[in-house]
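Both complexes below contain chain A, partnered by chain B and then by chain C.
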Partner chain A sequence: MTTSPIGRIGRETDRVDGPLKAAGGARYAADHQPEGLLHAHLVQATVGRGSVRRVDVSRAEAAPGVVAVFTPFRPLPLNPPSPQQSGENYSALQDTAVRFRGQVIGLVVADTPERARDAAALVSADYAVTPSRTSLADGSPGVAQGVVQKLADGVPSIDAALAASPVTVTTSVSQHAQHHIAMEPHATTAVWVDDHLTVYTGAQAPQRAAATIAARLGVDPAKVRVLCRYTGGGFGQRSPVWNEALLCAAAARALGRPVKVVLSREQVFTAIGHRGAVRQTIRLGADTDGRLLALSHESDGELPAAGGWQMMPGRDTSAVMYRTPNIRIDQRLVTLDTPPTWSMRAPAEAPGMFALETAMDELSVRTGVDPVELRLRNHATEDPVEGRPFSSKHLEECYRVGAERFGWSGRRARPRSRTDGDWLVGTGMASAIYPAWRQSATARVRFGDDGRVTVSSATSDLGTGSFTVLAVVGADELGVPVGSVDAEVGDSALPPGGVGAYGSSVTTSTVPAVQAACRAAVEALVRAAVENPRSPFAGLDPAAVRYRRGRVEARGRSVDFRTLLHAMGVPLVEAVGATDPNTTSPYRFHCFGAHFCEVRVHRLTGEPRVARFTSVFDVGRVVNAKAARSQLRGSIIWGVGHALLEADPIEPDGRFAAATMADYLVPVHADTPEIDVHWLDHPDPHISEFGARGLGEIGLVSVAAAIGNAVFDATGTRVHDLPITLDKLL
Partner chain B sequence: MTQHEGITRRGLLGMVGTAAAAATVPLGGGSAAAQPDTGEVTVRMTVNGTATSLTADPRVTLLDAVRERLGLTGTKKGCDRGQCGACTVHVDGRRVVSCLTLLATLDGASVTTIEGLADGDRPHPLQRAFVDQDGLQCGFCTPGQIMSAAAVIAEGRARTDDEIREQMSGNICRCSAYPGILAAIRQARTEMR
Partner chain C sequence: MRSYAFERPGTVTDAVRRAGSGSAFLAGGTTLVDLMKLEVMTPDRVLDINRLPLRGLDTTGGGLRIGALERMSDVAADPRVRRAYPVLGQALDLSASGQLRTMASIGGNLLQRTRCGYFRDVSTPCNKRLPGSGCPAIGGENRTHAVLGASGSCAATHPSDLAVALVALDAKVRLQGREGARTVDLRDFYLLPGDTPHLEHDLRPGELVTEVVVPALPWARRSTYVKIRDRRSFEFALSSAAVAVRLDGDTIVEARVAVGGMGTRPWRLTAVERALVGRRATEETYVAAAATAVEGTRPLRHNAYKPELMKRTLVRALLELEQTR
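Moving on, here comes the complex of A and B:
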């Protein structure tokens, strides 16, 4: 690992927010209990499409403790969403249309959570129902979103290139809707003081959330503050502001009292976006040695009429992964009357690479070329569509190191040839890719007269380790112990320009800003030291004064910053640093990885179990080895869910079939294999001076393919429709 | 509605593993007293060593009681259906999901939440181990994980990795910090002997 001489970059650092979380002292959105608090509960539509004709609120209003019942006929005023923003395209309660089953059609406010919940159950609605469009298969092919195509000279079409290839493989895969299942159900506590609004709600982008709430409520953005110091997971679903937070803030305004709304777990499945269902077909053309001659990737993704995230699974996968002279990416969207979709960890890359890497395994079987060797033969040094080079790519090393750590070399490529008692044993591998991107970012660094340094940035820590990244980088840059640095995130009132915690981009984007802020704060400290008449360095030339490891030094005198601030009578010195990434880079920025796994399938029951996993990543520079390992391992476990467990099929009437945690299965402790995670030590020289590319999502990409490929090796059965459940292996 | 009597019973409780022995604090015993006028019930119990009396709607769960009425928000509501384990606390030394435990059934019981696990300012060995081994990320499931782990170790059901994995499978961690949780339980198991 890359380590700096005095700092902790790349080493094992305990999470700075760990002790408070382990003590139960970290306060999440629902843990705030302001004076005079009222409790709200959502009412959701029970039909899949149509309109609300009438809502009977009489029983709810008569129930004990009820303060107010809001419906489309007695709405809380909200502005419509900006057409420029993706996400839901309507505001709750502003019209009588029902766009999907589970849409919010009411809000009941009462004095206790139990009374609000019970009164919400007493609200009844009459609907005019129209048939729902819920079948992705029936709606396919959807509407094309712009085809990406590059053909070699003289090749008329991708079909012609495939037809001319000695070997072809066609692989069609599908997956149902998936849910984020962040452990903290969505919750909001809204408090108005005069015309200032404070909103406690989990937000991946606190400043963007505050701006959205202000716009939707029609208030001055300067008077809205979003606080989310601790947030119980995001995985994408806390990027936008959902109706529950808007209605909560509006109800608090209307009633003149603080209001809290906590979604039930079941409500989260429909009121908050999910990863849309998607069907994909990969067609590969190759020579008999497995060298790709043509690649076609077509997809049909769910796009709800109510709005949501656009599922584009070919763009950052097949369009960049392998060298091929002919390529065509056709991503289509199908309008359905389903709850809103939203980005979910490796939103398009996890499904996209499942398709591509399953097809590559089938090509390996067809050509008899070992899966690792096949990928080496098709290794790309530049992206196959635009021909731009990668900024830093060490994927071949990932394959080599991974194969060695896993013990791949002895593999026999004969499906259903290894058993251990009643278990069929197989191994599989897959390549991973995930785009790296830098947002412009801002950070503030403060020297305090208590001897502590505070590093702040208006991003969010969803369990992703940003608190610790800020502390470690600040400590490294200023040459002080990590323990003397406080980190602040999750507050929209911090200096403007904090990055959203999505796209695996917080570390990539924020570290350079923290470094810039540290340098600016040191400059400010030195300037104060020479300008303040009470300073021991007063009147010196700033060039003769230097900062080193928490001390200001000149002319043989060395004073720590705490003493200096006290001497000057100044409580703090601070500075803001901002970065604006070079957006005109000639390079493609991507993270890479190679997964290897062993799967066991029971001979009699078909039960698939992942036995062990080895993954090697090329993610640029790593700040905190401890948190990085956890995040990568956690992503791989997510991939076990993707492969074997997670699916929420939708019924013809628009009802999710598995919208509880008992029905929608995520990996539990006993589903966790032995996981060996390793990363290479190659800082990216082009993405920033620091060289981090981010690692929050790459670990999940292609895990499902590696598992599916191992299941094929174990059983001889290729499962194309996720999840790989035992019934498909009998 | 809420009344903290402020009597410290910590001395009676001792360590988690032996809490069961000292669990039934004599506070009147029997079932909760019904209040005929309001339909509410009065429950006297010990929470983290403090004798506590609550009068509440009989539908109130232990989870909502500690969070909303006692202000002990360390215990988390992840599903309210007994499906995720985030709300795990100890009742008379046993691990229970507090979302499926009605307050009205707890007259005379002794309840320990995450806030009552440390020994004063000294964190419980599991609380230290979860930090040492990075057995948490977002931290939302962590109180429940730690309360379950404390009971699993006390029950002697943390002997092997597979046994820990099985016994801890009622506590879902979507960040999937399971390898760190496993390592933390191994570490604390040694310290708690």
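Moving on, here comes the complex of A and C:
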């Protein structure tokens, strides 16, 4: 770990929480073992839709160690979710309806986790079954949600604009449900002390989670605390509170003892939301030089009847990406009886940009314009619908730098023209875009009489590196070593206004709040120094006192804050800083990037393998180069899964066909290519004084398209239905 | 997991005496414990056989004898195996993961159960798991299922890589039951599903696999195993081929060919072997011979790609073998 007192921003900083995690000292939701703990296991519906007629709990109740079995016929009281809230639209066990296969229909509580699990297997249910709607094809076209349209003067419709275009491309793509599969399975430990509830559960937004739990359990929000200091991955899946956590807290209340629920790997697939299946059609109209004249993006996304996240893949992709006089985005949702959907890393942008960038590659093939050149010709300096300028956009530089690092310039655009032994070799590229978002945020900075600074914010570190961001920014702002700063997140009891860790917005939003809190804390320290009678600076004009690198100085005297606090007899001085969102800005805020990759496909057996990847990003200012690289690289590996492996088809009876780690394939090390990640250093002057736009998701956007485009280059076969598996390339 | 009695017999005789229809032998446990947790296998007695003297790798007198409790990793690493039967070493190397291979035994590997997703999910019917309950795979998700040997009752593939290599080598298994010992050709050991997919092999209740015997086959030094899958590692075969070829100059004089991922059991392809013998070792020969492999294949809805993939896997394996010349 570094001890350099200043200038840490943008450099390589080890994770401040790294040693603790590596040594197994970090305690996650399931690691808490309060006195008198009971263990619960979920029982899930095994039919796709209908109702529970009867649940036989007799064998489970008689099983060793079982304390209670809750079912729709012996429910745990929970309030329904607020209708304004997106997500699941029902509370488990409150009625007998079965909305999807895998819905929670019971909770078995026992003295050990094994006994709870084994007894849960003894619960049997009788159902009245009604047919399920599970296929997007059956339900398409869905119901339009967000039509965005802009047509040039005199153009009657997007169809007319397309019909008048010299070159047109129509591309339809699809992808199945996908799963987040965070390293830490969903788990909750709930402890009541009198009427105060403490919930240990991974939460991307601890304060929102506490409010939700309070509302659903009908208790005073001030009496609910959510703690998730360490969380093993979120990716969107931990932004809502799922039934597992609510039932856990309700069971603990009913039984008067702490209760823990840990989902099995298989349960996470169905009881917790997934990225919905989606089909999309892009129609491009262009002149013969590849300049876009019209763009239409239609989508049909899965929206479970039980509620879920709305898949809108055109909004932050096709509606902002390229310059075009005519544009129409028609996003439709198809109601299905599937498990709930939820946002998953680059939730709409990953599928949306797969569609757009595949279509752009087809346009490149049709017009003979090099893919990079095609994108330069259609470069947008303002968003094509509203005409708002981008706050800071250096995408052209991404293309240039990326092409150079990758060695793109010599590319021959002749599919199936390069081989290496028995492998067909191809290259492909794609542009990436992801919205940047600054939420209002708060942070607290504390000078302690132990000589340490504590920077706190009620956000969450999902393994992403926010602890380190807080520490680095606090250290930089206060001019103290990173090693003397403690960072604190994952606690709803921290000052109100912490940001949810989603939308790649923690750094963007929290850094300005940390800076404000540092300044406020310095001010408070100086004020105390002049006001406290025991202070060596007592009675001075505050303007004559200055803070510098952890010391308070005036009249030739310089005292470090620890000594000062001791002299004053004060254990700590702290202040909260809050910042507003930038919703009134005239600018559009987006991150950009360019991916380049080489793919190899075996000439006989067809398996596609990614050989190397080069990506260049424009994300504003970077706080920690090490964590940034890891986020971007991890995203690209995720994208390899998106392109080549990840799919969970839903069967007609509502069963996920691949809802286990054995069947749902994600990339392993051997699938991970050589990855060259690079970012430009252009702080965004409009998003905040600091200039960070966030980078947790942009890396994944368009990876699948770049790979698919390279597969086409290697083989001459265009695969539109993900994942690109060998059977489609034989 | 259902509760069960746990016993640790010290001798083969003791183990066999204690075994019965409701019991299961525990070797590495990488299949058994997994399926017990899923409640797919629910033995009432688990007999830990790891203390039995079923270890060792023996090459005296030609051929190879492998104790049933030898670990996959040890067999794969043995220089005698690698030199004399590359196909075996490679099949093992390409199986599972490093951690699993150090746990898993050779006997257990041959007796592992299918990876059919319905078989492993007790909330669905499955004729193999619950005879007579039906087979959801045949009309459902069957991208990974068998195109050879399937019946209307079951189309699950046998997942072992090792078994494919061993079948190509004409290996035998030594069995020990209460009534004594016997030796069975591995090829005949596995049963076709027919109407009784729950009966997977010719192993009588309580019978123990004690040893795998690979006959001497000096020209198996030129053998190889090719495994094709979506993911580069840690996945079962969509298709695999074990091939060995004896050449006289450029002419193939003997050949052994078996495929995995295609059949309800490891599938020996004698027709392909015959089509290779007497011909020159060229890609044309391989393509022509591989074409005979697809005779009798019966694809389902999602696995129609498999016959073609089988042919191509065979050609690839034969070509890769050429490179080791």
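In this text, the second predicted complex is superposed on the first by the 725 of 730 C-alpha atoms of A that agree within 3 Å, B and C clash if a C-alpha of one lies under 4 Å from a C-alpha of the other, contacts with A are read in each partner's own complex, and residues count from 1 in each chain.
The rule is short, and it goes like this: a contact is a pair of C-beta atoms (placed from the backbone, for glycine too) under 8 Å apart; a residue touches a chain by one contact, two chains touch by 3 or more.
Given the structure is predicted, the values throughout are model-derived calculations rather than measurements.
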Query raised in the report: Here chain A is shared; do chain B and chain C fit on it together or clash?
Result: fit
Report task. Quick one: classify A:E607 as touching chain B (first), chain C (second), both or neither. Result -> second
Report task. For A:M183, decide between first (touching chain B), second (touching chain C), both and neither. Result -> first
Requested in this report: Considering only touches as defined above, state whether A:L462 meets chain B (first), chain C (second), both or neither.
Outcome: first
Report task. Based on the superposed arrangement, let me know which partner A:H669 touches: chain B (first), chain C (second), both, or neither? Result -> both
Query raised in the report: Regarding the shared-chain residue A:K626, is it in contact with chain B (first), chain C (second), both, or neither?
Result: first
Query raised in the report: Now for A:G24: first (chain B), second (chain C), both, or neither, which partner does it touch?
Result: first
Query raised in the report: So, A:S504: does it touch chain B (first), chain C (second), both, or neither?
Result: neither
Query raised in the report: Just chain B (first), just chain C (second), both, or neither: which does A:F235 touch?
Result: first
Report task. With the two complexes superposed on chain A, say which partner A:M661 touches: chain B (first), chain C (second), both, or neither. Result -> first
**Report entry** Gap in Å between nearest CA atoms once chain C and chain B share a frame through chain A
**Finding:** 5
Report task. Residue by residue on chain A, keep only those touching chain B in one complex and chain C in the other, then list them. Result -> 114, 118, 660, 662, 667-670
Query raised in the report: For the complex, which residues does chain A have touching chain B?
Result: 14-15, 17-19, 21-28, 30-31, 33, 112-114, 118, 180-185, 230-233, 235, 262, 264-265, 462-465, 626-627, 629-631, 633-635, 637-638, 660-662, 666-670, 672, 675
**Report entry** chain C-touching residues of chain A, taken from the complex the two chains share
**Finding:** 46, 114, 117-118, 121, 422, 602, 604-607, 609, 644-645, 649, 651, 655, 657-658, 660, 662-663, 665, 667-671, 723, 725-727, 730
Report summary line: chain A partner, complex, touching residues on chain B are 57, 59-60, 64, 67-68, 71-81, 83-84, 86, 113-115, 118, 123, 126-128, 130-132, 134, 136-143, 146, 164-166, 168-182
Query raised in the report: Inside the complex, what are the residues of chain C that reach chain A?
Result: 1-3, 39, 115, 117, 120-124, 140-141, 143, 228-235, 238-239, 305, 308-309, 312-313, 315-316, 319
